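Multiple structures are listed underneath, in structure tokens.
There are two complexes below, and they share chain A, which is joined by chain B in the first and by chain C in the second.
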Partner chain A sequence: MERTIYVEPERCLGCSSCELACAVAHSQSGELFQAIRENLLSEPRLQVEVVGDQPLPLHCLHCEDAPCVQVCPTEAMAKTGPGEPVICDRERCVGCSLCVLACPYGVLRLDRGGKKVLKCDLCIGRLGQGLEPACAEACPSSAIQFLPLEEIDQREGDGWRKEFLIVYRGQAALISQAGG
Partner chain B sequence: MAQKTLVEEQVLIQPLQAKDRILDEATREGLERAEEVGTTNVWERFETMQPQCGFGKLGLCCKNCNLGPCRIDPFGMGAQRGVCGATAATIVARNLARKTAAGAACHSDHGRHMVHTMLMMAEGEAEDYHIGDPAKLRTVAEEYGVELDGRDDRAIARDLAEAMLAEFGQQHGELNFVKRAPEGQQKTWRQLGISPRGIDLELVEILHRTHIGVDNEYHSLLSSAMRAALSDGWGGSMIATEVSDILFGMPSPVRAVINLGVLREDQVNVVVHGHVPLLSEMVLAAAQSPDMIGLAKEKGATGINVVGMCCTANELLMRQGIPVAGSFIQQELAIATGAVDAMIVDVQCIMPSLPVVAECFHTKVISTDPRGHFEGAEHIELDESRALEIAKEIIRRGIEAYGERNPDRVRIPDERMDLIAGFTTENIFHHLGGRFRGSYRPLNDGIIAGRIRGVAGVVGCDNPKNMSGSAHVEMVKELIKHDVAVLQTGCSALACARAGLMQPEATFEYAGQGLQEICETVGIPPVLHLGSCVDNSRILTAATEMVKEGGVGNDISELPAAGAAPEWMSEKAIAIGWYFVASGVFTVFGTPLNVLGSPPVTRYLTDELEGIVGGKWAFESDPVKAAHLMIDHINKKREALHLRPMMYGEE
Partner chain C sequence: MALRITIDGREIRVETGTTILEAVEGLDIHIPTLCYHGGARPYRACQICRVEIEDEQGRRRVASACTMPVRREGQQVYTRSEAVLEARREALQSLLASHPKVDWLWEMAEELGVAIPESPVGPAPEGCILCGLCARTCSEVLGIEAITYDRHALGDGELPLRVDPSACIGCGACAAVCPTGVIKQDDRDGWRQMEWWGMERAEIELQRCAGCGEYFASPGALAQARKRVRGSLPMSDFCPTCRALAARQKLTLEIRT
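Moving on, here comes the complex of A and B:
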């Protein structure tokens, strides 16, 4: 059963719990109280942005035909198969930022040190332990959920949300362009 | 590829749940019953709330003004200042100060209620109350400078009450009980400017300081938190303890029974729950009156069984030896037995879910304090001028409900444990030194000689976040095994009593050899129950007596002593922790205060404070490791005092 991250923007309260949980999940210790004291502080792989009055979490959408993969000169960015996450191999990444420019959703950015790209990995480490991605687990209002693809297909019938998503994608593209 | 399998074969697992950490058998059975009838409970709600907000845990969110709400990014990428400009340190310290004030307000308002009733009694407006301990009345009145010669008790009580009430509104100077503290503490507090001036004043000032744009400097904010906490420990709480002793009598050692098994199938079960003993004492008296017992018998019951819950349990256990149904964490489970006819609540630590659980049964939840109303509960307010009459009305409700009890739905866990409670600063004298040579000498000598390593106060709440009571038990066992005598209050005391640590027999099973010898000689358990959470003031005065007796340190910070609240949850616990720390005690909390979001504040609390007030905080969730932090601290103090090595070595 394939699952992926599904966002219901109208449920997002903008609390940033997902960002915090993401940073903790990608820290060395994986534990909040220790993570905030590590020498190399962790960073979230997603951002909560505001579109109009509506906050919403921006994730990597793990595109099937991913522009970031296409433009990556070192093959650091790779998709291992259909329906699989797009993963950035930090060893190979040289921080050229081509993928940051290429991403239509503006969700990629360089890390704190400015040398490597920072990217959602769908918490593959946690999935291996039978856990949900940290952002989905942390979201107190279920704006972020980790759902089977079939269920997501059914939910996309919701007209209001579709409209919202179009706006969100347009806005995200604008953010991306402004950032570029 | 490995990644493919991971996503494709994703099966969500169930991690260990809070309820899996419950060790107490009755609690486990009670929870099973609650689940069976499908009612809400604290463990289920705790799981639903997971994961809890990281900003909140770290203390990094601020809702004090409408520029916000603001939160600081602990990973340094997002906001590092609130909209007003507040740093993480300012926000964390402001939040902690406010929580301290709220906790201190609870204890102190409890104290105010006690004193106010003493005043009504003295003026003849509350005829159901009496002076239960005239000797203590005179001792305390003398401390307040009340004229004693040739005056009757009521006149003395009136003047004492007026003097105490005045301290709530006092605007300058110092609270009277500050002078009870060892010279060293008094001097430190005066030098730092944290000696409490008035009880309400310190709390109001914190609300002022923590408003946007007032006190933005964390040292200053935390000093005000200490001052407020001291106005609780050496003020409101101490007043509450002393006036309770004056009105209802000083406790003396008493044997009693604890756990859900004290509920009875054949009697009207009335649970008194909350904190202030003013109504619960009357409920007990009413339940013992022949007319009420007669009424209960008419309904087919063999009698009326008044049992306690939470700190009300401790108040009535200490003075009247009534059975204890449970601690904070067990309150819903008592109702889920189907055997509780009336649960009478007043203030503090009463779950708002009680009426919801009661809906599944015949149980009447009755709120009684003007400060504490509950959706779904019946409100019958305590009127001190006709307290016994109100208490009888409440008992009648319980008897009526008993008539509606469905015996088929009653499941009372068959768990009961004996305990001894009723120790006080004053009566420990007699146990240690004998009735005619009451003295702390044997305790201090035991410490000096290395039979007893030191003394620990283990107090506070129980919490599903930790071990639902069991962390207390693990910690206290480890302490007494290493010859540390343990003083307890609150739900912590109840958790250890449930586990049998307050029976004299526990000495031989759990205590180290040196502590065993002392307990055996004196005839006390290794773990002493000193009462409710306002009775933490007894731990302060007992520590002071140890200082006065001499040989184990010139002030509280030099004593081989430590404190802990392994499962704290309430703001009151924060106030208690603070007045212990500010009085020179090394104090370990099971989960961190919500301060880790600011490293400078964390460092100040867990390190730098020791050089300033003599005490400091530590945070350790493993109860055994926490016990060893306390033991290490006690050893350090023994070394500094050049006390002898432990008599039976270090195992």
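Moving on, here comes the complex of A and C:
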């Protein structure tokens, strides 16, 4: 069944568990207690920011016609097909920050050393192993969930989050492939 | 066309024309590199990524993995042979002799067991090893040509790297790719300060976010992003955080109502 990331902002506590889980999932070892001792400290690919008094996890939306892909001079940033996530090949990234300046949702950042961009890869490695994206798994209040599309449809109908769900829906094809 | 080659006794399949460095990607075979970057054209400037390859007659020779393509079925490649280690030691020794202040070289020397040069020649306060990765990135990858590489200057004993500070867009890619960290970028009080090899400098006034008013981008880099994108860039006068929040503002407003 096709599943995708679904955010319910009103449930977010601002605890940053998603950020921690993301950083650990993208560390060399993948284990918290080893990750904190790695030379290049891993950093999260999403941020929790506060709007008014409402904390919100800010994810990459994996746009269909992504500006970050268009501006990348080395083709490090790429989408391999419709419905698939936008992935950054860190080996090719020269740290020029054009994607950071182009992202209309403002979710890209350079890493601490300013060398490479930090980019959500939808945890495709974990999906291949039958796991959920690390942020969704770690969220204690289910503000970030990894849900079947049908269920999201039932919940939302033609509701106000539709605009965002359309973008999220773009991810579904790959998830169904990775999950078998 | 796919070819079968053997690297350190391991048989792998690669496409014709793949470089040896690309071929070992994802394998647990480590070929050290210095001036290589996956996003820029390989150049074999540093000579660190040396490997040994065997031709049809079984003759072995040393070559640079970053530029040497795989062309022949059944080719043998060695990445840890004595000849390879010797070639890497030689390359390192000459780099160390002229650039004794580059920490990375000392770490590498320890790893390869290179004898420390007795009398390092030529103080190189700039720490630049002339690999030209900054120039390749600026001129070829980004097409800015603020940093250029002039090979002929080497013969005249001059620095072959030229920078035109007025052409710099302040994107910071040269500082990000420099393997020895001798190109520096620092944002202070609304100015981005670029410094190349401790010799050349540029100051670029940063643009303020239309929302929060924080300095967030060099106008030149922003113009590059606008030029490269198809159509327009919505919200590009806002800093990333304000963009993210604006996109979500709608969500929270809806929650409240």
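The definition used in the following text is that the second predicted complex is superposed on the first by the 146 of 180 C-alpha atoms of A that agree within 3 Å, B and C clash if a C-alpha of one lies under 4 Å from a C-alpha of the other, contacts with A are read in each partner's own complex, and residues count from 1 in each chain.
Everything that follows uses one rule, which is that contacts are C-beta pairs under 8 Å (C-beta built on N, C-alpha and C of every residue); 3 or more make two chains touch, one makes a residue touch a chain.
Source: prediction; values computed, not measured.
If you put the two complexes together on chain A, you find that chain B and chain C both fit without a clash. When the two complexes are overlaid on their common chain A, residue A:Val71 makes contact with chain C while staying clear of chain B. Looking at the shared chain after the overlay, A:Cys96 reaches chain C, while chain B stays out of its contact range. Contacts of A:Ile124 after superposition: chain B is touched, whereas chain C is not reached.
Of the two partner chains placed by the overlay, only chain C lies in contact with A:Pro9; chain B stays clear of it. Taking all C-alpha atoms of chain B against all those of chain C in the superposed arrangement, the shortest distance found is 15 Å. In the three-chain superposition model, chain A touches chain B and chain C at no common residue. Within the complex, the chain A residues that touch chain C are 9-10, 47, 49, 51-52, 54, 56, 58, 65, 67, 70-71, 73-74, 76, 89, 91-110, 113-116, 160-161, 163-164. Across the interface of their complex, chain A is touched by residues 25, 37-40, 137, 141-143, 171-173, 175-177, 185, 217, 221-222, 224-225, 228-230, 233-236, 238-245, 247-252, 254-255 of chain C.
Against chain A, in their complex, chain B makes its touches with residues 1, 3-4, 6-8, 10-13, 51, 53-55, 57-58, 71, 73-78, 592, 596-597, 599.
Against chain B, in their complex, chain A makes its touches with residues 1-3, 15-17, 19-21, 23-24, 32-33, 35-37, 41-44, 80-81, 83-85, 87, 112, 122, 124, 127-132, 137-138, 140.
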